[in-house]
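Common to both upcoming complexes is subunit A, partnered first by subunit B, then by subunit C.
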Partner chain A sequence: MNNRCSILDGFITGNAVLSGFMVISPIIVCGNTIMNSLALIYAFSAITFLSVTIGSFIPKKLSFGFKTIIHAVIASLVYIPVKMAAEEFFPGVIERIGIYFMLVAVNSIIVVQSQTKFHNMTKGKMTVSLICHILGFDVVMLVISAVRELLAYGTFCGRIVDADMFISGLGMPFGGFILLGLACGLYRSIVPSVKNDDIAGGGSNVSDF
Partner chain B sequence: MQNKIKSQRFIWIDIMLTLLALVTMEYFYYGARTLALSGICVSVSFVAEIISLRLMKRKFTADDLTCISDSLILCLMLPAVMDYTIASIACVFAVVVAKNIFGGRKNMIFSPTAAAYVFLLTSWKSQVLMFSEPHVHTGIFENAEHLVSSASHGFNTSGRMNYTDFEILMGNVSGPAGAVSILLLAVAAVILILRRDISFGAFAGTVIGTAFLAFFVPVCNNQWDSLKYTFSTNMVLFAAIYIISDRRIAPKRNYYAFFYGFFIATFSYILVITTGKENVIVILSVLFAPVSLGFRNLENQIDTLVKEEKDAEDLWEAIKSGEFEIPEAEEVLTDE
Partner chain C sequence: MFLISEFVVLLGANLILTQALGLSTLFIAAGSRKNLLWTALTISVFTTLGSFGACLINGLLPDKLYDIRLLLYILVIGAIYVILLTVLYFSDRKKFGTTRKYVHVSAFNCAVMGTLFTVSEKSADNMGAYVLAGAEAGIGFILAAFILTAAYRRLCSKEVPASFRGFPAMLVYLGIISMAVYALL
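Moving on, here comes the complex of A and B:
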C-alpha cells in the first residue's frame, strides 16, 4: 500500500506545483487561457516524459554534475521536435508563450528530480510515478488557467461566457501568483499528509524558474 | 503591555474619527450613495476578517477592528458611484489576500488598502478613475450617467486646474471625495500627528519630498501653483496620512521613516511628471514595501545590538562595584 502511495503521490500528496512549488512560473505568467495551458501541458508532458525516460539509461556511476549536463542536453534535443509539432498543433500560441515554452525544457523534474528520485526506482515504477507527476502538473495548470480565463476575460476555451463582471487583474502575472498561492494554501489545508519536507526539502524541490 | 494594547485601539478610534469626518464631507457632495458604499465596504471587510481569522484559527479581538478603518480608507479613494460588487471584491482582497495571507495585522508587509487599490486599478481602471461631479447626487440603486475624469487627470495632462483655491480647499472638485477634501485632510493630519497616531517621520518625508520637487521642478509655470496643485491632486496628502504614515507599515524611528516617505514622494513625483499617471503615490507605497521592511529589519538589528551593549555595560558595572563576583576557575571545576 505504501509502495503504491509513493508511486502515485506525484498526483496528489507530492504534487509538483502545489506541494513542491516547481514549474510555477509558466502557470503564473502564461497560464491565463486554456489554449496557452494546453500548449504548455503538451510541451511539459512530452519533454519531461521523454527526457526522463531516455535519461534513465545514463550510467549511474557518472558524477551528479555530469549527469545533470547530459539531462539538459537530452531535454534540449527532445525540445526541437516537440516545438516543431507544437507549431502545427497550436499555431500562434507558441509565440504568445515566448520564452516560457523553452524554459519548460529545463524544469527541475528533468534536471534534478530525475536523478534524486526517478532513476532510483525500477523502470516500471519510474514510469508510473513520472506519469503521476506530469498529470499533477497538467491538472493544476488546466484548472488554474480555466479559472483565470473565466474570471479575467469572461471566456472558456476562447468562447464567450455570459458573465457580468471580469477581474482582468487575474489575467496578469500578479493575479496568477495570487491565485496559485491561494490554491497552494487550500491544498495544504485539504491534504494534511503533505510533509514539510516537500516544501523545504532542499535543492531538489526548490522551484527552478 | 496593557497600555500598548490600549494605545493601538486608541489609534484606531482617532483614525476612525477623522475618516468619519471625510465620509460626512463625501455625503455632503455626493449624497446617500456614499453612505451605502461605505456601509457595504465596512460590512464586507468585517465579515471577511471574521471568516479569515476563523479559518486561521485565531480569535477576533478589538485590534482586528482595523479592518473597518482600512475599508473606509479604501472607500474614500473610490468614486461615489462605484459598483458595489467591485468595491466588495476589493475589500475582500484587502483583508484576505493583502493582510491575512501574509500573517495578519502583526505581520503586515504593505498597506492592505493600497494593495486593494492597485488591484482595482489593474482590473477595473475605467470604473476607478471616472467620477461624478460634486453635488450630483446619485441614488443608492441608480447608476451614474455622466461621469468625468478627475481633476488630477486634468492637472497631470495639462498642468492646469480650473478650480478656485476655495474649491480645492473644500474638495469641491471631481475626484475621490475623501482624497480631495484638502482642508479636512490637513486638520486630520495635524490631529493624528499630535496624538501620535501616524508616523510623523514618514509624513514629513512625504510632504518635504513632494514640496521640494514641486517647487524646484515645477509642473506648471508658477512654482507656487505647482506646489499647491501637487498637494491637492493625485491623492498625495491622503496617501501621506493614511497609507505611507500608517504605523503598522512605516519604520518605527522617525529618522528612517522620513527617508521611507521621502523616497516614495520623490519617485512618485518623477513618475507623475514623466508618465502623467494618476495616483502613482498609492502604487509606489506598495512597491516600496521592501524599503520599509529593510528599515524595520535594520531597526531590529540596532535594537538588539544596543541591548547587548547595555547588558555588557551593566555586567561590567556590577563587577566593578563588587555586586557580582567572577567565580574562580577552581570553584567552577569543583562545582562541575
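Moving on, here comes the complex of A and C:
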C-alpha cells in the first residue's frame, strides 16, 4: 500500500507545483487563460515524459554535473518536434506564451528530479510516478488558469460568461503570484500529509547537491 | 535622483518580480542567507557569461534555425557549468564540496535560461548591450533575494497560520512586491 502511495504521490501529496514548488513560472505568467494552459500542458507533458524516459538510459556512473547537462540537451532536442507540432495544434498561442514554452524544457523535474528520484526507480514504477507528477502539474495549471480567466476577463475558454465581478489584476503576473500562494495554502490545509517545512524542488535543498 | 531612477530601472528589469523567472531556485536557496547570497551571485555569473555566448549564437544563427537556439544556449551554459566547476575544484579543493552545490543549483534553471532569451529579444546586436543586460538580470536576482531574505524569518514564523507558513506566504509576499513594481513601471 505504502509503495503504491509513493508512486502515486506526485498527483496529490507530492504535487510538483503545490508541494514541490517546481515549474511555477509558467503558471504565474502564462496561466491566465485556458488556451495558454492547454498549450503549456501539452508542452510540459510531452517534453517531460519523453526527456525523463530517454534520460533513464544514461549510465548512472556519470557524475551529477554531466548527467545534468545530458538531460538538458535531451530536453532541448525533444523540444524541437514538440514545438513544431504545437504550431499546428495551437496556432497563435505559442507566440503569446513566448519564452515560457522553451523554458518548460529546463524544468526541475527533468534537470534535478530525474536523477534524484525517477531514475532510482524501476522502469515501470518510474513511468507511473512520472505520469502522476505530470498529471499533478496539468490539473493545477488547468484549475488556476480557469479561475484566472473567469475572474480576470469574464470568459471561459474564450467564451464570454455572465460574470458580475472582474478582478483584472488576476490576469497579471502579480495576480498569479497571489492566487498560487493562496492555492498552496488551501492545498496544505486540505492535504494534511504535506509538511509545512516542505521545501522547493520536491524536497531538494542546496545542501543536497 | 540618479540612484532612485537606477533603482527603479533595476526593479523593472527584475526577472523574478516581473516575469517570475527563477522562483524555484530562489525558494531552494531561501533556507539561509548565505545560500541565498551565493546562489544569487553564481546566477549572476551564469547570466553575464551566458549573455556573451547568446550574443555570439544570435549573430551566427540564421532565423530559419530559430528552434535550435535552446539547444545552443544549453550547450553554452553547459560549458560555463563545467568551466566553473573546474575552476572551483582547482582553486580550493577543500571547499569544493561546499562551493559546487551553488553551481549545481544555478546552472540550468528558468532564471538563467529565461535571462538569455529575454536579453536576446530586447538587446541590439552588440556585445556590450547583451553582457550589460545579463549582468543587470543577475543583479536583479540578487535584489529579489535580498527582498525575500528581509521577510523570510517572519514569513516562516509561528505567527503565520500553519498552512500558509513558508512558501505560500512567500508567494503572496512576492506578489505584493511585484504589484508595487508594476505600479512603478
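By our rule, the second predicted complex is superposed on the first by the 195 of 209 C-alpha atoms of A that agree within 3 Å, B and C clash if a C-alpha of one lies under 4 Å from a C-alpha of the other, contacts with A are read in each partner's own complex, and residues count from 1 in each chain.
Quick note on the criterion: a contact is a pair of C-beta atoms (placed from the backbone, for glycine too) under 8 Å apart; a residue touches a chain by one contact, two chains touch by 3 or more.
Keep in mind it's a predicted model, so treat the numbers as computed, not measured.
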Task = Check whether A:M165 is in contact with subunit B, with subunit C, with both or with neither, and answer first, second, both or neither.
result = first
Query = In this superposed model, does subunit C or subunit B come into contact with more residues of subunit A?
reply = C
Task = Could you say whether A:S129 touches subunit B, subunit C, both of them, or neither, answering first, second, both or neither?
result = neither
Task = Go through the superposed model and pick first if A:F64 touches only subunit B, second if only subunit C, both, or neither.
result = second
Task = Once the structures are superposed on A, label A:F174 by its partner contacts, choosing first (subunit B), second (subunit C), both or neither.
result = both
Request  = Check whether A:S76 is in contact with subunit B, with subunit C, with both or with neither, and answer first, second, both or neither.
outcome  = second
Ask   = So, A:M22: does it touch subunit B (first), subunit C (second), both, or neither?
value = second
Task = Classify the contacts of A:G185 with the two partner chains as first (subunit B alone), second (subunit C alone), both, or neither.
result = both
Task = List the residues of subunit A that touch subunit B in one complex and subunit C in the other.
result = 169, 172, 174-175, 178, 181-182, 185
Ask   = Touching subunit A in the complex: which residues of subunit B?
value = 85-86, 89, 97, 101, 119, 122-124
Inquiry  = Under the definition above, what is the set of subunit A residues touching subunit C in their complex?
reply    = 21-25, 28-29, 64-65, 68-69, 72-73, 75-77, 79-80, 83-84, 99, 102-103, 105-108, 111, 169, 172-178, 180-182, 184-186, 188-189, 196-201, 204-209
Query = Can you list the residues on subunit C that touch subunit A in the complex?
reply = 18-24, 27-31, 35, 39, 67-68, 70-71, 74-75, 77-78, 81-82, 85, 100-102, 104-105, 107-110, 113-114, 117-118, 121, 161-176, 178-179, 182
Remark   = The subunit A residues in contact with subunit B across the complex are 165-170, 172, 174-175, 178, 181-182, 185
